[in-house]
Every structure is written in C-alpha cells, then in structure tokens.
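One structure is given here, and the rest of the page talks about it.
Residue numbering begins at 1 within each chain, and the chains themselves are lettered A, B, C and D in the order written.
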Amino acid sequence: MLRLSRFLPSTSRRVCDLKEVLWSGSLTFEHALSTSAANYDENASARKFASYTVFKGKAALSISPILPVFSKLESGASRVNRNGSVMLTFFPAVGQRKYDYAKKQLFALSPTEVGSLISLGPAESCEFFHDPSMKSSNEGQVKKTLSITPLGSDNGYFLNISVMNNGQKTNERMSVPITKAEFAVMRTALSFALPHIMGWDQALTSHPQSPSSAPASRPRVERPNPDSEWDR
Amino acid sequence: MLRLSRFLPSTSRRVCDLKEVLWSGSLTFEHALSTSAANYDENASARKFASYTVFKGKAALSISPILPVFSKLESGASRVNRNGSVMLTFFPAVGQRKYDYAKKQLFALSPTEVGSLISLGPAESCEFFHDPSMKSSNEGQVKKTLSITPLGSDNGYFLNISVMNNGQKTNERMSVPITKAEFAVMRTALSFALPHIMGWDQALTSHPQSPSSAPASRPRVERPNPDSEWDR
Amino acid sequence: MLRLSRFLPSTSRRVCDLKEVLWSGSLTFEHALSTSAANYDENASARKFASYTVFKGKAALSISPILPVFSKLESGASRVNRNGSVMLTFFPAVGQRKYDYAKKQLFALSPTEVGSLISLGPAESCEFFHDPSMKSSNEGQVKKTLSITPLGSDNGYFLNISVMNNGQKTNERMSVPITKAEFAVMRTALSFALPHIMGWDQALTSHPQSPSSAPASRPRVERPNPDSEWDR
Amino acid sequence: MLRLSRFLPSTSRRVCDLKEVLWSGSLTFEHALSTSAANYDENASARKFASYTVFKGKAALSISPILPVFSKLESGASRVNRNGSVMLTFFPAVGQRKYDYAKKQLFALSPTEVGSLISLGPAESCEFFHDPSMKSSNEGQVKKTLSITPLGSDNGYFLNISVMNNGQKTNERMSVPITKAEFAVMRTALSFALPHIMGWDQALTSHPQSPSSAPASRPRVERPNPDSEWDR
C-alpha cells in the first residue's frame, strides 16, 4: 500500500509501547513535538507541552492545547493574530498495547468547535468538517470529518475521525470510545483551555504599571470613561 | 441618509472582507484598538487585545474583555476604582461577507449583566437598558437596549441591539443569531472574564513576600486573627 | 442608643452616597481597607483589593476575597497556616441611596461555607452560625447567623444577617435581596475564589527550576515515583 | 498487633489535636511534608503546600494537589513526563477530636479518576482499584480500593478506603462522610486542579517573547500555518 510505505520506513522506532507509556504516566511524541516546536517560533526553548491521552483497543486519542499567536500593533500593544486551537491526534493500534504514531490523523478544534464539544448533552452528537484546501483549486480533494456520538445511557461518547482523500482514493477511519470520566476530563480541560486559545487570559492580565497613580480619594469622574460604550 | 453620510466617508478602508478574516482566524479592528489603547493609559504598549467574533448574514458580533482600573490607596495598596466590562460590538453586513466596522454599535456589559447572561436558561430571555446621559440633563435622549431571546428548542439565542436617538430621530437595530456552540464559547469566556473584570484575580494574587517568616512549628494563636469578622 | 453612639461620631464622613458610587462603578471602603491592610502584614503596599457590592433599599452587601496566610517550613517550603475566606459586609441604608458603612456587620465564609453557597439549588436554603468566643468563657455571648433563603420561582435569594449580643441585649438584623443575575456573579466569583482562599493556586504553581534536567529520552523509571501513594 | 507496633512508636508526637487544628484554620502534616519535599526535587524551598481537610467522628480526610513533572526535550522545550495527581489522605480518629496521622492511608487520583469524581451524579457511585505492585511479581499482594457512594437524598457521599494486604493478612478500612457542601468544595478544587495536574496551565502560558514582531498590518498568510492539522 502506498500510504503505508510512505510512513513506515522512518517510523519503526516511534511505535510506542503502552506499558512504558503507562508507567511513565504520560505519553510524548518527541519527534512530533520537536518538529512542530521548530516550526513554531524562535522561542521554542521556553515552550511546554502537555496532553491528555486515552488508549483504547483499536486506536488512541491525544488532546493538547495550542496557543494563539499575537501580533504587535503600531501602538506597541498586541492583539491575537491567529486563534489557538485544541489539537486532537488519533493514532491506530498496531498490536497489543502498541500504537503507530506515524499513522496519526490530526483534527484541530476551533474555539467554536470547542464550545460545541463542551456543551454537548448526554444524548447529543455533533460533527465537524475540515477541508485543508478550502478556498483553493483543490477544495474538496481531501475531507476530514470528526463526529462525536453518544455511547448510550449517559456512558460517554465515540470520537470518530474519517479522512477521505479523493486523489489517493483512500478513506482512513479511526474510532475511540471515551468513557464518561474521560469525557469529564476533556470537558474540564477544554473549558479551561478555551479562554486561553482565544488569548483572553492575556488580554485580562494587568500590567504592573497599570494602577493609576492618582490617589484614591480623588475621583476621576471629570474625565470621560475611556472604555465607554458611548465613544465612537 | 444622514446617518450613512456621517460614517461612510472615513471608513471605506475599514470595510473588512470576511474571507481574509476567516483565513487569519481572528478579526481585529486596528483603528479602533489603537485609538482606545491611546485613551487608556500610558502603558498601552504592554496591552494585549483579544476577542471572540461571529459573522452572520446581516451583522457580526465581537466580544472582548476590558480590564478594571485600580487606584493607589494612601497605604500603598490599591483597589478597584472602576470595574472592567465585557464589550459587545455589533457591526452590519454591507455586502456578501463584507462588514462595515464604522457603523458599529457598542454595549458594555457590567459584572451583573455578565452574571445575567451566563445564568440564562435555554428558554429564558433578558434585556438591558443603557442611557449614556444618565443623571444629566440629556437623560433619555439616547437609549440603548440589548435583548437576548432564545432561538427555540435549545438552539441558541438572538442578540439584538437597538439604539434609539430621540434628537437625531434615528433607531438603529442589529440582530445576530448565536448558535448553541457559540453561546457556549461566550458563556465560558464570560465566566472566565467575570472575576477578572472585577479585579478578583489581582486581589487573590499573593505577593512573593507574603508567607510569614515565623516557623510553622510556632502557632500564631497569641495574635488575634487579623482578617477576623470580629474586629470592627 | 449605646451602639449607635459608639459608631456614629467618627463615621459621619464615611456615609457614602450611592450616586457617587454608581458613577465610579466600584465601592471602596478606604478607611476599612487601610486599617485591615495595616493589620495584615508588612507588604500591604503591594496588596490589591476588589469586591462585589449590591445596593438595595434597606441595606447593601459587599463581598470580597481574603487571601490565605502561608508559613515557612523548616525545609524552606511553605504551607497554608490559615485559610483565606470570603468576607460578606452588610451595611444599612440611612437615607435614600445613602449607606452607613460604620454600622457594618461582617461574616467571613470559610471554604466549606463557600461550598455550601455555590452548590445551593434554586429552592434550597442554608444557614451558618458563628460565635466569636467559641471555646472561650464567653462562648454564646454573641451569635452571628447568616441565612440564605430563596426568593421563590428561581428568582434569587435573600441574604440575611443577624447579630445577637446577649451582653448588650441587642439583635441587629439586615437583609439584602439578591437577584438571580447577582447570585450568578457571586457564584462565579466564589467558585473562582475558592481554590485561591485554600492556597491551591499557589500549591499548583510550578517554579521555573522545576523541570528535571534529565533528557526526556532517558525514562526515570529506575527511581521509585516520589509522589507515590505507596510510600509511607 | 504488628501493624500498630510498626507505626505507633515514632508517631506519638504526631497525634494531632483537632482543637488546635480548628483554631489555626488549617491542618498541616509537617513531618510528612518535609519528607516528601525532600524526595521531590532540589527546589523544595520554593514549594507551597495546601490541602482541604475534613474531620469526622471515625476518621479524617485530607486532599491536596500534586504537580506534574516536566522533562526537558532536546529542543530546549519541555513536556509533561509524569502527570500530577490529587492525593487523598485518610487517617483515623484515636480519641475525641484526636487523629493519628501515622496510620494514614494514601490514594492518589489520576486525571481520569478526578474526572470520574467531578462528574459524579447525586445518586451515582464509583470505585477505583490501585495495586502498588502492578506488572511486578508481587501483583495482587496489596490492593487498595477507593469507593464513593451517595449518602442519599442529594446529601453528599461516603468516601471509603480499603487496603487489603494479603501478605500481612490485614485489611484496613476507613470511611469519611462528606456533606454536599464539602463535596462542592472538593468538586470545585478538583476541577480547578485538573488542568494543572496535567500541565495544561503551563502549556497554555505564553512567553514574553512570543508575539511576532511582524506588524499587524502585514498578514502572514504567505507562510503555511505552522500549527496546522494538515502538516504531517
């Protein structure tokens, strides 16, 4: 198979043993991380990576947050230039408690998709579609679908990814059952991450110099409220 | 139309193209931001701006948090002098996927209004009234109303703004439908922002020197509890 | 009245005008703050104060968080020596939109009392009793009671304080109706404050040096897990 | 009894008096803390400890968060090498308001176990099993069980620990009733702790240098999105 031959040669050492992973209490994809860290920015050395990973019979799912990117404005302030996301990484089992990370499929949840996931009722499902070539001539060639469907009886959800490649005539599917407890971890971690991937935590961080030096006994009402909704 | 002529001349370059916005993953209103940053304080250069924006057929809505302002007390400590808020910015569509930010209408949610929004039940609605000239001779001349009404069947809400100007005989209205997923983002971001716009995050930040140097083995019961509710 | 004479002389200047307070968007009790800051510790100058205050017809209620106190251990680490709290301050109206802060009554919520308040169902009520002389010979002389009772129809709560002083034969009562929206602010702010008043935010803050310098490729399984539940 | 003789000799001084504990508002286990701090890392001096402790008739339960451990990657970045946990410490009453901390039993909740606890419905129960010798020749010799069962009528839960030692033919059991208010504290503190014990707070902390220096007016669309789900 073409697809396999493309990925397997360089990845045999990256097949990870679940026993080792469970012992250390945390899975890391060192190759992936260092690559993406290099892509990221020059300050990779200060970066920290964290994820939440569940290993199931046929596949595993790892979830990790990605920071937004700020840009400097001419005023010296900065603003969110690109929202962060929550990256879902699916990778298949290739033996008992062995997973092949090289066959991974990625799905990056936008803030609104995160909102959809954390507000999902016990019997509800949702589905997201991504197209890497959106708005280009290749639009529709590759189609990613993430669907979340209830396991039934308030018992968790199935997370299913499907990647259809019309050019390569392939359709990859992976499915990971998530227990109610695991989904509670995801919901809590995603709710925590949401304001951060939108940069709200940074917008809400005050700076040491910000308290005005005017004594509190002098009310500042003579000046119009600078953040007023009435200024246009 | 008078209203149009007031805003259009200077704003043609600020009509933003949705395609561009969606590609960059985040909308920014540079002109607006740099202006308001200049108003704010001298430390604008350290400021960071973030928002959550949804684009719909007839209008868009952008939500962003605004920090509280602290004032120094004579003791050297500081306290909240003016609460922050969550600013809602509505701006109309002026073509397919084109929006005119110059025709924006602002509505600044107070902490209690944020509390109202985040505790809204699926079938409930709420309405807020703001008057920029409250307690002045112009009271009642301009009236802003924000109403939030359910879309039905636990499917999200309509956010409607109306700005009635008795002097100019105008009544601007914009309405943005918010899906359940988008409202979950708003609820999560606003719940996160609420303690921050009230300054509680800063009041709850301990300072490096705060641990007392008394060894833990020596209980400090001889001194009355300084934060006691019994001192008056 | 004895009680009044005790408080009124020095407090005429502290009767605050609601109009002024509403304009500035935040109430502060400068005298109270600077006094308590002085009691607190030497680093008062770095402290920041924030509150959430609601003004009603007969009384006002202000809520503000109080930090825990840490003590140094012999190892150089530190631990919570006294939990923080959330202070409720009730003060009566003494005219239209005028309040007398000198007649205030305080009630400091412990972490568990905060837990009780934030988990209160729409039709539930709760009641807390405090005795400043607990475990002393004066036990029972003064008794504070805070009760929270539903307003009915999922419309908020009454917060009632009663301070009974057997020695002075007085029984002060104040009652403040809290809307559903205001209670949502309280619930959100108290949920945010809870981990902080217990010091969990500080216990969960990592220190710059904490990442081990061992390269990630060398698993550290040869050493027993130091945080293991199996060590005794 | 063998078990008693093993623990009592060195621990008489560590029997703590509840009165003292309640007065100081916070329980600390100094010996335990300094020992575990020494195990931890070299930076123990900067560490802070916090817990939430409830004292009941037959036993007490203390809950405290434990940080994850990060490891440096070759790139200079770091990643979670071992997840943190939330440690439950049970210790029995040995007299009226006296507890023997030396007879403590520990149970460290993993992120998923924390997820199970915080998503527990009012009438639901859950049970966790830990084996210190998992995957070794002694597997099954010692078995720890934590079960959480409802008290009934939405009134809280029983937290029961059982430690069965087949070699020593012992089976220790302790049970602590937790009120609804106390469980709300646990749920709030654990929800707060969860992203921290997984290291997400650190992964979501931006670094001062991270805003790109490119002016905001120059969109960076020419470069492929580095965090894209489309890169493999």
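Simple rule for what comes next: contacts are C-beta pairs under 8 Å (C-beta built on N, C-alpha and C of every residue); 3 or more make two chains touch, one makes a residue touch a chain.
Note that the structure is predicted; figures quoted are calculated from it, not measured.
> Can we say the copies subunit A and subunit D touch using the same residue numbers, with more than half in common, or are the two sides different?
different
> Using only the C-alpha atoms, find the rotation that maps subunit A onto subunit B and quote its angle between 0 and 180 degrees, to the nearest 5.
Subunit A sits rotated relative to subunit B by 90 degrees.
> I'd like the Å distance between the centres of subunit B and subunit C, where a centre is the mean of that chain's Cα atoms.
Computed from C-alpha means, the inter-chain centre distance equals 26 Å.
> Subunit A to subunit C: how many Å between their CA centres?
37
> Can you list the residues of subunit B that touch 2 or more other chains?
23-24, 28, 30, 48, 70, 73-74, 78-79, 81-82, 201-202, 211, 216-217, 220
> Okay, in this complex, where on subunit B does subunit C touch?
Residues 68, 70, 73-83, 110-116, 118-119, 126, 135, 191, 194-195, 198-207, 209-217, 220, 225-232.
> In their complex, what parts of subunit C are in touch with subunit B?
Subunit C residues touching subunit B: 19, 23-26, 28, 30, 33-34, 36-52, 54, 64-67, 69-74, 78-79, 81-82, 84-85, 87, 104, 106-108, 130, 132, 144, 179-185, 188-189, 192-193, 196-197, 201-202.
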